[in-house]
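Labels run A, B, C, D, E and F following the written order; every chain starts at residue 1.
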Amino acid sequence: MFRHTKLLQCEAKPDGPDAVLARKIQELIGGAWGEMTVATQYLFQGWNCRIEGKYKDLIMDTATEEIGHVEMLATMVARLLENAPATEVAHGVTDPAVAAAVGGMDVQQAIVAGGGATPRDSNGVPWSGGYIVASGNLLADFRTNVAAEAQGRLQTARIFNMTDDPGVREMLKFNLARDTVHQKQWLKAIEELQADGIEDDIAPDALLDVEDQVHNNTIWQLSDGGSGPSGGWSTGEDAIEYLTDPEPLGGPATAPKPDPKLYGSYAAVENAKGTVKGKAQQAGERLG
Amino acid sequence: MFRHTKLLQCEAKPDGPDAVLARKIQELIGGAWGEMTVATQYLFQGWNCRIEGKYKDLIMDTATEEIGHVEMLATMVARLLENAPATEVAHGVTDPAVAAAVGGMDVQQAIVAGGGATPRDSNGVPWSGGYIVASGNLLADFRTNVAAEAQGRLQTARIFNMTDDPGVREMLKFNLARDTVHQKQWLKAIEELQADGIEDDIAPDALLDVEDQVHNNTIWQLSDGGSGPSGGWSTGEDAIEYLTDPEPLGGPATAPKPDPKLYGSYAAVENAKGTVKGKAQQAGERLG
Amino acid sequence: MFRHTKLLQCEAKPDGPDAVLARKIQELIGGAWGEMTVATQYLFQGWNCRIEGKYKDLIMDTATEEIGHVEMLATMVARLLENAPATEVAHGVTDPAVAAAVGGMDVQQAIVAGGGATPRDSNGVPWSGGYIVASGNLLADFRTNVAAEAQGRLQTARIFNMTDDPGVREMLKFNLARDTVHQKQWLKAIEELQADGIEDDIAPDALLDVEDQVHNNTIWQLSDGGSGPSGGWSTGEDAIEYLTDPEPLGGPATAPKPDPKLYGSYAAVENAKGTVKGKAQQAGERLG
Amino acid sequence: MFRHTKLLQCEAKPDGPDAVLARKIQELIGGAWGEMTVATQYLFQGWNCRIEGKYKDLIMDTATEEIGHVEMLATMVARLLENAPATEVAHGVTDPAVAAAVGGMDVQQAIVAGGGATPRDSNGVPWSGGYIVASGNLLADFRTNVAAEAQGRLQTARIFNMTDDPGVREMLKFNLARDTVHQKQWLKAIEELQADGIEDDIAPDALLDVEDQVHNNTIWQLSDGGSGPSGGWSTGEDAIEYLTDPEPLGGPATAPKPDPKLYGSYAAVENAKGTVKGKAQQAGERLG
Amino acid sequence: MFRHTKLLQCEAKPDGPDAVLARKIQELIGGAWGEMTVATQYLFQGWNCRIEGKYKDLIMDTATEEIGHVEMLATMVARLLENAPATEVAHGVTDPAVAAAVGGMDVQQAIVAGGGATPRDSNGVPWSGGYIVASGNLLADFRTNVAAEAQGRLQTARIFNMTDDPGVREMLKFNLARDTVHQKQWLKAIEELQADGIEDDIAPDALLDVEDQVHNNTIWQLSDGGSGPSGGWSTGEDAIEYLTDPEPLGGPATAPKPDPKLYGSYAAVENAKGTVKGKAQQAGERLG
Amino acid sequence: MFRHTKLLQCEAKPDGPDAVLARKIQELIGGAWGEMTVATQYLFQGWNCRIEGKYKDLIMDTATEEIGHVEMLATMVARLLENAPATEVAHGVTDPAVAAAVGGMDVQQAIVAGGGATPRDSNGVPWSGGYIVASGNLLADFRTNVAAEAQGRLQTARIFNMTDDPGVREMLKFNLARDTVHQKQWLKAIEELQADGIEDDIAPDALLDVEDQVHNNTIWQLSDGGSGPSGGWSTGEDAIEYLTDPEPLGGPATAPKPDPKLYGSYAAVENAKGTVKGKAQQAGERLG
């Protein structure tokens, strides 16, 4: 069960309106790597965590924080839209700065949300439950979390360079910091999983002896950029072998004869160019 | 530019039909962590890579391989569907095994694809370009790749346990191996990025001095599971501080007065319960 | 900012496994009218609310509760899946009850979530940010909330009839109750908006004098079911006029001549069946 | 079965081109609350209506009208795009008004539709069948219809303020009127359902005695805004009780031990930090 | 503007319930090639048609018919679900035929629609506006229409083989016929466009002299199946040349140096493996 | 299995930056008719092709080429974005050309991809697996391929007119040529299918004698545009009959009595306006 305080985790006050920035911040709210993603991802990971204690608690602490990040960003968007040119008519614009705003703003923030944030990305695509994962395997999931925090911090850093508003930058400094510490925390949690003997290097820690014992250590050079083998990954004790001219191991990619009731095209060689109707039609006539 | 050989990277021959398994394998083709995802993700990362040489070559080698994995799985699906009960009528079923197959198969494989694979997941949801990322930052992206290979191997391992078909298992052993080595390779490529001085621990390697210097090293305990601070992440030299009773740093999450032309609900306190119509309507009347 | 307790708002303990029910409950989690929808909808409405005080507080109280409902249902799903036939091979099934479970379960709950809930509906379609609205107009939004609680209660009631598990039914009784009171609360909040003079009957309370003054009170009979005019809506003081043989008010639905650079098909009458190439091609040749 | 006349229900002739407005009108066509939504929603409700007569007829009359609204708006879009700067090159723009148009137009209207409307919203997101509902319960559905007409009228009113084109405004006045009367009609149809003894206040009119009899009349104060209890909803005869310090009713949100064949992370306390490999790996080795 | 009669274009009465078939018919309603697609596609094509007269009229006649096809199929679904095992509990099933139905039915038809059709495909994926096209170029669009009718007839024929219900088959015979004639009609309309001099063989009929005059008549053999050149397409007067060992025409696929404010990974060769921090970080520090 | 060379199939070098064009080119990459669609469509068609030899080889040759087209376009996008105003702040813009670029660019290309292409369309909507088809019936699929190449060439031709950059135009001339030859090739492959006796005119070549023998040759005039019958499709030997005043063949579109456990609204006539509660509630009470 959750509780809420109206106070924001960190202040979210811009110094002035900026409709284009309000649109860009949508990426941090409802983009594939936005706060809705990490909030939902961590919530489902926490609920799906099968080890009570420190891991689950760390996940739920972070999940709960992230809901508050959506709140900060949604508040920032509404404030950036105060006095934005929501109802400006394009053919009357005479100022290039207004033109940039009219062209670059998210029209749904005005038409649908009345001057507020939406659960969508910076191109207006609705956030999707397909973005998140909670697999029940902590190693696989913590690695996904590291990735999510890295992508999230990268996008935040880029947007930091897209504004000169001191109030917005102040909030983004906090967000950057949280993305930094969350990267660190999931990296350390991976070490902890390994120290605790719960997971090892490869996720999942299973079927390692069963899998193909040759091709779990080869890189196939299938592109003609020749520098792949010069990487550190192919040197040292645990070097991965770089196959520089690999050949296919399997036979031809043929598909079986189709079910005649599904009317796939199929014809014996002897029928080709002949007068006999294809197999598909014959089957159809029989089944009519 | 690409070239293709009909020969499969690895053989894909089941010993018999299994429509339910054919549906599950869709997850490995068109699921969020399936082969379409890694193929597309690596292709866009390669094309978006700004460092010529070993990194780009490694990415493109792997990307090219993954297209061939979609091919193996699609071939396997078509073969698993040979002699599957595609047109069986439910009310005529008398065998529980057939009932399980009729209920559990992917009907689109028959109706739409005529007994073949589709670019969708195991619930029939189309693969989405929203699943992938190619950010241009190699550290962020390689971490995402590690995650993708971990989730992919996990799903493959689960499906390995859902079949007893020797031919299918033989192919899955190859797939498991590739997911193993790809995890290793991206982990080592991250080390290489760091050894080469291109990226460091945190992605992106920027704004680290600018971000909030307190809250880039604190975990906020916002859930009542009390074990978070006992994790290894909060001990040692580089311990992250666990704030056990954190307080909000910001003010209330208020939204500004709305633009009257957008008709958001807003009314001064003095009007409430009075006879005067709300501000929204007055504005509307003026603007009519 | 949010806080979380591990304790569930209401107990969520099934008496036994039921994989088919676990799938159906996904509708209540990630369906268009599930708990993810009301949670997200109320959160964005609260953040977008421009009147501080009772309305905003009511919204945020309810929003915060709904996050906890997702938690209850996700917990229930994981427990229903304990000992479910996740890895059963279809061709080995001999028991019709197992066959029904194998056919009817959500395979992603096993393959993707390892035996847990996903942020998707009962057909596996990811939850979408497109399902929710937070318009900034409280009358429009509260009516949407009444609808959401009504649809949600209806689906819960249907699923109540799809299980005989006493533990599941116990939880659903709580959920039904919450959907009942939330319907009541939003209906009463609408009355309050009207009593407070903030909104009236029609949303938005604007442009009512500007709109077409004839056709804001006519129902057009465009289908041949003749009973429409016999409804109570067409009797009494505020009767809506039922036009029983309405004629179009506008002219033909023609589209203008296309921009030649966009190569839409267009040809003057005199060219038809003639030897002259179409306008589109001529334009193309000029622009080459 | 349907029939069509080319004449528009209401005239749709703009006085001049406006590519930015043509984009905004997409929201009224293919947005979540656009005319495609109400048309499809009412059609499916009508087909799914189990009571012949006035209710079904009212639904089908309105459904049929709404298809014609899509037609009016699509016609308006094509006309607004006549002489729009579809092929203008950005770096050659010297007029801020043109800059606003180039930046703010929907490029798919030109590239994909050749200067016409698309079945998408104002950000280009395709209309989705997930937006609509036809539950078979008329009370739940009529409430959803009231909401849809309210949101639709609100968006229309906002767009009315975003144009000064007399021809566009003339059409929007008709659309506003239809959204007004449709709100009224569904509200009155709800009264009729109740007068006819078919449905009552709460949807569905079932399980009301079965649901939790305490918590079908309590509001849980889970956010610290303290004004919730001061609303009219908590006074009078049928007051809803406001629980100002509610406590969870359930136990901890724990997840059960995972199926070992699904490789979720799980480890007994005694294994932690020990030398023994985790349970997951052991299971994996056994199952190889 | 549209009008509606309650009478179905063709009777839609099954002889008995069949929940699995009701699910499959969803593909014909809301699948990518279902009736919602052709109805919407033709409507937008008609509204976007820039030539008044026979073409537009043919399109609008067909569009209007297709809305009625959705109606027939939705009615059929509701009737197939009468007495379907909507609320059957899986663990109580003893009959394999019931097991197949419980496993294979569309649970949303019960939970969401109360025993009716939904605007979704046979896997429950919502119909998407992204499925349709109305380009304004009649040749391109009529070819798309031929394709749509072919795919639609194919799916209908497959489903015809999935039922033995005489009432369903009777309706499908009508649907098959309509898909046949619609294929014929669009093929003949393409001939008419050419006879009328409006479009020619290639869509669009423009830039044909501007495009690359070598590679508008070569097929590149990029796969090792060697039979491509033996097809009729490479013989005769208008033979297409089959390049059996084509070489790339372009240079390497390099990406430019990234914008330092976007923090893409980039490092000069001299920095690699050195002690100097990467360019990205340096840029970040400067920009802080 | 696939192999890759870094060399582009055709050069992709713009003469200068153009962020707005970079956005429009996304339509050719990840739009419904973009290169991701044809690449994926042909790959799945090839893998699903049941006739070894010339058809399958032609499909796989073309499929492999199309992957390279995505590569060309993605490279072009990255190069068009070099020196684009990615981090320009709107309120500082003084040049209308910059304003047009700031308003019209795809912000995700900067925020998400760091100055590169994304697998999305020109409005930022992710590419969807729902766009493609591989039915197993070659006639149906080749017709779909003709349509895809026609729509693709049309969009390419439109974008050709949206740029004056010689380098971009040079590449587009190659793309136009490929779309021309691919249209020709699929048209000729259809002739070949017919010459080989595999398929005939109508897809699928089945159930033609079974379908309704009257209505497989009638066009129903359901719209009041009267020119439909004057088209060439209704003259000559194989004329299609134009029914100018068609009447419905079926009975009323009624839905059956709903399952009481699903709480659809249903009430016998005698209960209406009476004091007895509706059937739905009674059922609910019994089932509690």
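Please note the rule applied: a residue touches a chain if its C-beta (ideal position, glycine included) is under 8 Å from a C-beta of that chain, and two chains touch if they have at least 3 such contacts.
Everything quoted here is computed from the prediction, not taken from an experiment.
Between the contact lists of subunit D and subunit E, the overlap consists of A, B, C, F.
The minimum number of touch steps separating subunit A from subunit F is 1. Contact with both subunit A and subunit D is made by B, C, E, F. In the contact between subunit C and subunit E, the residue numbers used by both copies make up under half of all numbers at that interface. Chain pairs D-F and A-B differ in how many C-beta pairs they share in contact, with the greater number at A-B. Taking each chain's centre as the mean of its C-alpha atoms, subunit B lies 24 Å from subunit F. Chain centres here are Cα means. That of subunit A falls 26 Å from that of subunit E.
Here the spacing of subunit C and subunit D, counted between their Cα centres, is 6 Å.
Contact with two or more other chains is made by residues 1-9, 32-33, 47-48, 55, 60, 63-65, 68, 71, 75, 78, 86-87, 96, 99-100, 102-104, 110, 112, 114-116, 120, 123-126, 128, 130-131, 133, 135-137, 139, 154, 157-158, 161, 195, 204, 206-208, 210, 222-223, 225, 248, 253-258, 261-264, 284, 287 of subunit E.
Across the complex, subunit B meets subunit A through its residues 5-13, 32-33, 46, 53-58, 60-65, 68, 71-72, 75, 78-79, 81-84, 86-87, 110, 114-116, 125, 128, 130-131, 133, 135, 137, 139-140, 143-144, 146-147, 150-151, 153-154, 157, 160, 173-174, 176-178, 180-181, 183-185, 187-189, 191-192, 195, 201-204, 206-208, 210-223, 225-228, 230-233, 238, 240, 248-259, 261-264. Looking at the complex, you find that subunit A touches subunit C at residues 1-9, 30, 36, 40, 43-44, 47-48, 60, 63-65, 67-68, 70-71, 74-75, 78, 112-120, 126-137. Interface residues of subunit E, counted against subunit C in their complex, comprise 1-6, 47-52, 55, 86-96, 98-100, 102-108, 110-112, 114, 120, 123-126, 135-139, 193, 195-200, 204-210.
Of all the residues in subunit B, the ones that touch subunit C in their complex are 16, 18-21, 23-24, 27, 31-33, 96-97, 99-104, 121-125, 154-155, 158-159, 161-164, 222-225, 248, 253-258, 262-267, 271-278, 280-281, 283-285, 287-288.
Within the complex formed with subunit F, the residues of subunit C that make contact are 154, 157-158, 161, 261-263, 284, 287.
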